[in-house]
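After the structure tokens below, expect a handful of questions from me.
Residue numbering begins at 1 within each chain, and the chains themselves are lettered A, B and C in the order written.
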Amino acid sequence: MSPLLETECLYKRFGGLVATDNVSLAVMSGEVHALIGPNGAGKSTLINQICGELHPDAGRIRLDGRDITGESAARRVHLGIARTFQITSLLEDASVRDNVALAVQACLGGNLRIWDRRAARGEIWRETSRLLESGGLDDRAQARCADLSHGEKKQLELLMAMAAHPRLMLLDEPMAGLGHGESRDMVDRLGEIRKETTILLVEHDMEAVFALADRISVLVYGRIIITGTPDEVRGHPDVREAYLGAEDAPC
Amino acid sequence: MILVLEQILNGLQYGVMLFLLAAGLTLIFGIMGVINLAHGSLYMIGAFAGTWVAAHTGSFWLGLPVALTAAAVAGLLIEMLVVRRLYERDHLDQVLATFALILLFNELIVLLFGRQPIFTPLPELFSGSVQLFEGFPYPPYRLLIIATGLLVALGLWLLINRTRIGMLVRAGSTNRDMVRALGVDIRMLYTIVFGLGALLAGLAGYMAGPILAVQVGMGEQILLATFVVVVIGGVGSIRGAFVAGLALGVVDTAMRAFLPGFFRTFMEPAAADNLGAGIASMGIYLLMAIVLLIRPKGLFAPGA
Amino acid sequence: MPRLLAALVILALFAAMPEVASAMGQSSLMTLAARILIYAMAAASLNFILGYGGMISFGHAAFFGIGSYTVGILAHHLASGEPLFGIIPGSGDMAVTLPAALLVSGIAAAIIGALSLRTGGVQFIMITLAFAQMLFFFFVALPTYGGEDGTIISSANSVPGLNMRRKATVYYFILGVATVYFLILWRLVHSSFGEVLKGIRQNERRMTAMGIPVYRYKLFAFILAGMGAGLAGALLANFLRFASPDIMHWTKSGELMIMVILGGVGSFFGPILGAAALLVLEFHLAGWSEHWQLALGAILLLVVLGGRGGINGLLARLAGGRR
């Protein structure tokens, strides 16, 4: 089976700091692939290269065998890569419904139409309602995005990414800042979403990672030191040394 | 050859004036993130206050401290009453509020001094002309301006690289939040920087007096050129303001001096003069557009 | 519905203006009303990219001027009988000049926008200012069209079936164009594209993550806004029978911005209110004292420092509405 996403010898440096050091990563179709590593290991930098916000200095990125290294971030969304942000990035002045509707519209197309009435595009509103319901945000649809709780914003980001019907979902720390109960809800949500899409998950919450991941890659100082099943990774001495700390084993 | 040399010196003189204005403006941009359109008004205030005293006392040198004080006081007032409320606002509010200040200051000056241009007396010591070398006379007052500008540049360099305030300024222009995190009274720093910028603008305005007419609107003319300097040099960079200021001064002066002559070689004189003057006026803006297209943050942008 | 009512009231006021002016024996009122309409169109086009799209262009008067000069230049070549560049004949026909103004200002906006939108923040403000200044000096340096003094247009462009020698007819023509213009703008703001543009103002990064190539959308909006200002400029040239570099001076760009903020940034009727406020203020204050800009400066400062939303926001607060 060929991987859905493949990076080949990806390399990126900022000044004297090598943030991504020859990273070759393969994410198989249908799996939840977790990317873990200590702070500053270059996880977000890697995600940003995969989604196209940053351009690597060297190396290739392939989606389903197709080279997308030169494609723009916006184009990659249409090719099937959606993402969420570590620090939520939403249209703060707009309502929850409008946030989702715009994401739906962006994916449906017709965005350059200047002579239609967006309010009259039923397809957008039907899909928006469906998404809101699936994410349990339908009762908050009219709320202004800026008034949402942190957990609700994380849920909203997820919905907006789902609106693009992605083949690959890049999740940049979806649990960050969530309380214990909210984290558990999020794990359940991701358990649902994984049925529809492949997930590359960056996360610090080890409980969530081991609950969700089929495979785990460990990134340290810009390099992948091991990729394997949760059990393989858990037992690997280098991982304990470099990342988990020799003392406190995960779980 | 002598003509070329003379124009280069004139260009340098214009260049250091641009630098004096741009230095303050670029710091205010860089550290506080504020676009201050009223910077040209400070230049005008310095020119009017100093010239008024100089004209009444007959002494250029008595006018100087008055010019500096007036500009600095006006600057501090602007900072405390208006600009301080704009730090957290978007650029649109800053542009409009300081545009309103331009209208206010221009009309106040008209009320106080009328619309007729006034002239600053040349200092005795620097009137006439000196022979820089055999057959090349040059007005010493312009040399004084160049020397003053270079001295200020040196002083600013020392201030920024050798003092605690300078350290904060450097830190502030690359990372505002870090300075705040250091527990520094950032308001104080802002006020000092703004006052310093105003002082330099006043100095430039007063020194321009004997060369240009002191009149309402003088601030806006040089303001736009100063913006070009700041943007080309890179917002927040004193070094950029210095390099871009001198370069732009020379380029602009040279184009105004030589373009009409160049066009005359293959066009009729009247049309050539017109076209030459027009293109020379467009020159600095064209230069800025080109620089921004190659380096969208300017030549010496800090943190870039 | 209150919006529709407000729009109808505004329209009725403008429609009655020539009658009111002649009844009061003050023909200058009609001139004032025409200028308000024209400036409202230009300010609304700026509001489209500034208020809805978040692009702070400090050079919008350039397109206003280009539209104006398109009419002026075509009239000049009609009078002289010599075609422009040897191929384009002059024209005094509104059916030619208005589309020409739209086309030329659209092309100019495409070029300036494509270059300027590569930057952002302060640099965008400054580079748009720089391009406008370039055009200003370009027209100052063109002796064929009067240089600094500008070019005179001997008569308003002709429209079949209308007597455009009558000032009131020209006024009603402007009112008609302005009405259609604002109807189109209303559709535009509420179209699919309009919604995307509003999203871009709030968060470009988010829009990119949704799959929107932001640069292209901003450029499209910039071109549309340039065309809007160009159309307003063409009407102004017809009304004043005159095109001069003054209307692309950087202070004009500033005035357009003032109108937008006085009316309320990003509100649909804001530019109309803002243009009316500024021009009426100028009309009365200028008659009252030659130092009227002092008052204007003070008012502007208060509006900017004081509160958000401009006149439109004030009306909404008075009506007890939200926002």
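Operating definition for what follows: a contact is a pair of C-beta atoms (placed from the backbone, for glycine too) under 8 Å apart; a residue touches a chain by one contact, two chains touch by 3 or more.
For clarity, every value in this text was computed on a predicted model and none was experimentally measured.
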Contact graph of the chains (line, ring, star, complete, other): line
Top of the farthest list for subunit B, CA-centroid basis, is A
Between the Cα centroids of subunit B and subunit C the separation in whole angstrom comes to 32
Per the C-alpha means, the centres of subunit A and subunit B lie apart by a whole-Å value of 49
Cα centroid separation, subunit A vs subunit C, in Å, comes to 44
Residues of subunit B that touch at least two other chains are none
Seen from subunit C, its contact residues with subunit A in the complex are 187-188, 190-196, 198-199, 202-203, 205-214, 217, 220, 224
Subunit B residues touching subunit C in their complex are 29, 35, 82, 85-86, 90-93, 95-97, 99-104, 106-108, 110-111, 220, 224, 227-228, 231, 235, 270-271, 274-275, 277-279, 281-282, 285-286, 288-289, 292-293, 296-298
Listed in rising order, subunit C residues that touch subunit B in their complex are 50, 56, 58, 115, 118-123, 125-127, 129-131, 133-134, 137-138, 140-143, 147, 250-251, 254, 257-258, 261, 265, 291, 293-294, 296-298, 300-301, 304-305
Residue set of subunit A touching subunit C in the complex reads 51, 53, 72-75, 77-78, 82-83, 85, 89-94, 98, 101-103, 105-107, 110-119, 121, 160-161, 163-164
